[in-house]
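Pasting the structures in now, so scroll down.
In what comes next, chain A is part of two complexes: it sits with chain B in the first one and with chain C in the second one.
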Partner chain A sequence: MAKTYRRSQWSHGLFILPYLSAFALLLVFPLFWGIWLSLHKVDLFGPGRFVGLANYVRVFADPVFLQALRNTIVFVIVSVPSLVALGLFLALALNRTTRATSFFRGLFFSSSVLSVTIVTLIWRFVFIPGDGLMSVIFKHLGAEPIHFLSTSGWSLFSIGVATVWWCLGLPMMLFLAALQQIPADLYEAAALDNASPWRVLTRITLPSIARTIMLVTIIQIVMQFQLFGQAQLMTNGGPNGTSRPLVMYIYEVGFVRWDIGKGAAASQILFLIILCAAMAQYVVSTRKTEN
Partner chain B sequence: MRRILLSTAALIALTYGSAAQANTTIELQRFFGACDADYGNVTDVSSAVGECGIITALINKFEADNPDINVNVTTVEWPGYDQLNAQLASGAAPDVVSMHYSAISDYQSRGLIEPIDEVLASQGISPDSFTDAARGGVTKEGQIFGLPFDNWTMLFHVNLNLMKEAGLLNADGTPILPTSADELIAQGKQFKEKTGKPYLVQILANETASYARILYTLLQQQKADFFADPTKIKLNTPEAKAAVELIKRTKDEGITTLGLDYAAAVSAFANGDGGISVNGTWLIGDYVAQAEKAGTALSGGYTVYPVPQLFPAQDSTYADGHSWVMPKKDRSPEQTAAIAKLFKFLAENDFQWARTGHLPAVKTVFDMPEFKSLPHRENIAEIAETGRSLPAAVQRQFAIQDIIGDEIGAAVNGDKSIEDALSGAESRINDLLANI
Partner chain C sequence: MSASIKISNVTKHYGALTVLDDISLAIQPGEFVVFLGPSGCGKSTLLRMIAGLEDVSAGTISVGDARVDTLPPGQRGVAMVFQSYALYPHMTVAQNMSFGLENIKMPKEEIKRRVKAAAETLEIGHLLERKPQKLSGGQRQRVAIGRAIVKEPKAFLFDEPLSNLDAALRGRTRLELAQLHARLGSTMIFVTHDQVEAMTLADRIVIMHDRRIEQIGTPMEVYQKPATRFVASFIGSPAMNFLPVTAVQNNPGGLAVTTVGIGTLQTAIHPQAGFSPRGATLGIRAEDIVVLPQGQTGTPLKAEVIERLGDRSLVYGVLEDGTKLTVEVDGRSALVIGDSLHISFDPATLHLFDESGQAHRTGGD
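Moving on, here comes the complex of A and B:
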């Protein structure tokens, strides 16, 4: 019986071969190629020369990289909890089957289907000085308009607002799907026990969707570490590099300065950071579930 | 059945015939924007306005004049070099690409573009027909690597209506422009006091090019040889400090717009939100068209001048230019001949391109009565002598521009001291150039 079982496992493996081939070709191979490039002094147009870990040394000695790393971490720390909290709030508010909630679900999800170009164009209209919406509101209130896109601090904040608005749809939908999986009899039992709404939320709803909260958090950490388009189009990383994320640094070094080796080294560091962040989140959540 | 067969044969013959007629295709990739909705079918080049309109109409006209040549145009986001790099790396480069003179050395030094001396010679185009500045911009190690199309600089675009309100007009209607740094500030204050609007409309946000071009201009006006060695920049100098201090003063004294990116700065000036826009030659055609319309902020009140000499050492303006280059790739002799024809056509129609506001690359255009009668060209003609570029051997000029914009922007916005910004820019640029 055991022998038959083992043999069937091998043949089953063939079914995943097409996917495995695509995975190896499009993800594993580029990953190792990236590591190989990071050990070379190389541009886009020809073979390079082996330099060992020199590119990594140069990356860590580059104050612009360290600033971009700091910006990215701050952005993730602020935007991911915002996305999780707002997504959960909207899902809880819209977890009913009425016409109005269906409309609002569609409305809140609609921003997710837009391209980054459209999203940044819309938020540029909001934040740009002069004729921008915020500027008009500030003037109407008699206050001095803030230059959101060209003031340190505000520029990263503006990118964060645009990002949360753009990315909110997916967390909301995932939370809605999870909420609808909670058995109704748990809520009925709580109602019989006369539990308060807060108690229902903290003792039934949140524990029931804990795995989804973890999933959304990991997805968002991975996504937000890869911030690029919004920063490139809204602030170009400025002012003074205060809104330059890591991916933009990699793009500038690799494609504008043709220093592919250094760009690849920075990419590997970003890969490790994302991997560690996602794994840490996973380990913490798994331990909690086991306890 | 017989009729169907005959009709099919006729259709195939017709299709083949038309395909045989347009049998040479060249892929052209350019910036200058997309405007097919307005100019997609326009072949009357004289009716087109602005960079995008004129280049679109020019290509349409070339195709109409040469039915055996099909030009496939791909429009890229300015400046489009990332896309070109990816295409070159993957062996899928277009046949003809628009390129700044300042970018040519990067591609030439890496053997990525072809010398075009023979291509030009095949159509009888003499290098001597180009202006010195244009020919110098495309010549590397004695060979020509691009068809020069123009020279451009930053200019003072002036709203005469607001200047009149500010009391900054001469009796003959010309604007009173500053002749020194102190005069610039004084006139700016006067303008602000009289009109309540900023004197200068500058691109101080979300763009690096503008900072770099103004810094280069102010350094040149002080005769600072900041690229004496093309592999090292020198910015820890009194001249660089004086230049950045002046840019910063325009902000600190409240005489400039703040927080505007390129698009916002272009429309702010058109809307009459400031007196003088510091922007490029390419906007002359558009602003002239607006000045000719009734009811706009520029109606009957627009003119343009080179950036004034604000430092006493010499009159100078940083200049660059656009060219058409041929990436290295396999081409059929027919394609090379078609490109040569296109280059001849573009050189012959350089006057049309000069209507954008750019200075012509072809010498004879300067003597054409049509060019001389273009509005304001006499004001900016001196740029032919005062326009200066960076030394041809300086590589990665676009990356350098980004670093300068980053650092000088930080100094102007008060995020860094001027000394720190200049030191930062110098060390970052020199690290970049040392690792090419």
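Moving on, here comes the complex of A and C:
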């Protein structure tokens, strides 16, 4: 009997070998090496010595870590829903084919192609005390200017605003792509069914793009937990560590104080947090969709 | 509840492109009307204009006594079954059916009663808690009809609802639709490009072509008395034979027509004043051509292709001068390719079309 073309053969695996090699070398290997490092007392100048979970104990006993963890969680809790909601709002508003909407899609997406250096530079111009845009506005209104980048609470808020502005393009585009997949005749059926715009949004549009909402949320959770550049360049984690995120903590421990083992342990904790948050979001959304 | 529908001088433009030109039509309450025509003739656009999914460029549409062309779709009192069914994928069958009623704040008990009644009518009671992706094509189709029924509309609009079903299911659903119409007695408009659907379902067929209505009539009227050459060619399978007319002569019994291929035929047609043979054609349906028994002499035809359909066979033949002609013969005929047969014509079954395609009828019609 002749072999069918669809029969699986090991040699077919050669097609994915280039990618698998890069994946193993750049992702799988560093992940396990990171775990290995987190179990050792190690610096850059010599081989490590096995210390078990001591690095993890040291990390959890470090108040700076706990503060960075709290900052990061607050940042994620505020920035991710903002990105999802604003991205969805923009996508709904721009889900038409006119010249104006094409222009605005391009405009809102353009911030995404900028580097973090440019983004933070722009927002420093906005938030910096004295000649910054916000200061000028406050002065014009006769109000006392807020020192956004050097006041506890406001510094993390400022980083959040810059981040949302920078990252908004991707959620908007993903939502637009999802909205354009919804068959037009569903909306026509809803029009014949006397559905109000609110009912159309809540009963037709949002359920139809539920998977994309979940995807965008997970992508944003993963991305925003890794906040670093904006905080580094806008506030340097200050004042008093109130805007220091976890990645900056890992950077400082690992590459400023050269405590590689402790830095690696903090990295594994961040990895687990991101994994749990993304999985929790996935499970909750899947259960909701099934119901 | 069923209502009349009146379409008066309706026109539809998309920019400079006119897709419907001055359409007028009156549909009686409880009537089953089929819009039939080739792709792009504007039949679906006309249906969508009645539904309110397309604006009317000029003219008016009334449902019952009320003008509706300025109302939003939900307030026109019509329900539509889409070609793709357009079921809400994340809702169950019951939710799909009750969505429209919830939107008009109907009491829950009444919604339940209507959904249950419609589900019983369509025998989909066991599917109410399923989602559309768990249903077969035929079941989805029933749910789409159920969603229309629960609204108790003044008229049902069907936009090619059978085209996504396989042949066997299409035939069965066609029959069920006819039964549903008989049971509900509602006004129904059905759009299709399938003449079998049109012939079997319609009280009246509206044949559309090139932005206009070509003919409105009962299925047998449009088949037996096509008003134009287009209708004659579109209705009937195989298509009517058309032979170019070269000369005519007025006789007391009707016009004697000379055609390419056959020669002169005496017809029972009395053309209207001003009829000119220039550009005219004679139409003959395959089943109206008489095949003479062996031994009798008529017009000889040589069989080139024979299509055996079971109860009948279609002979695609060629006349002595090379003119092609299709003839229907009995299914038990032993004809084979290359055989010659002799044919003749019944004057009462001939159709004459002038240069513009208008039909000229047999005396009195």
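Assume the second predicted complex is superposed on the first by the 278 of 291 C-alpha atoms of A that agree within 3 Å, B and C clash if a C-alpha of one lies under 4 Å from a C-alpha of the other, contacts with A are read in each partner's own complex, and residues count from 1 in each chain.
By definition in this document, a contact is a pair of C-beta atoms (placed from the backbone, for glycine too) under 8 Å apart; a residue touches a chain by one contact, two chains touch by 3 or more.
Small disclaimer: the values here were computed from a predicted structure and weren't measured.
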Once the two structures are overlaid on chain A, check if chain B and chain C clash or fit side by side.
-> fit
Go through the superposed model and pick first if A:G238 touches only chain B, second if only chain C, both, or neither.
-> first
In the overlay, answer first, second, both or neither for which of chain B and chain C A:H147 touches.
-> first
After the superposition on chain A, what angle is formed at the C-alpha centre of chain A by the C-alpha centres of chain B and chain C, rounded to the nearest 10 degrees?
-> 150
Dominant toucher of chain A (residue count), chain B or chain C | B
First (chain B), second (chain C), both or neither touched by A:F45 | first
Could you say whether A:L53 touches chain B, chain C, both of them, or neither, answering first, second, both or neither?
-> neither
Between chain B (first) and chain C (second), which, if any, makes contact with A:P183: first, second, both or neither?
-> second
Based on the superposed arrangement, let me know which partner A:D259 touches: chain B (first), chain C (second), both, or neither?
-> first
Go through the superposed model and pick first if A:M279 touches only chain B, second if only chain C, both, or neither.
-> neither
A:S196 contacts which: chain B (first), chain C (second), both, neither?
-> second
Could you state the shortest Cα distance, in Å, between chain B and chain C after the structures are superposed?
-> 51
Note: in the complex, chain A contacts chain C through residues 183, 185-186, 188-196, 199, 203-204, 207-208, 210, 289
What part of chain C is in contact with chain A in the complex they form?
-> 51-53, 72-75, 78-80, 82, 84, 86-91, 99-100, 103-104, 147
Would you mind writing out the residues of chain A in touch with chain B in their complex?
-> 41, 43-45, 58, 62, 64, 128-130, 147, 149-152, 234-242, 251-252, 255-259, 262
Mind listing the chain B positions that touch chain A in their complex?
-> 81-82, 85-86, 88-89, 106, 110, 112, 204-208, 257-261, 264, 268, 273, 396, 398-399, 402, 406-407, 409-410, 413, 415-416, 428, 431-432, 435-436
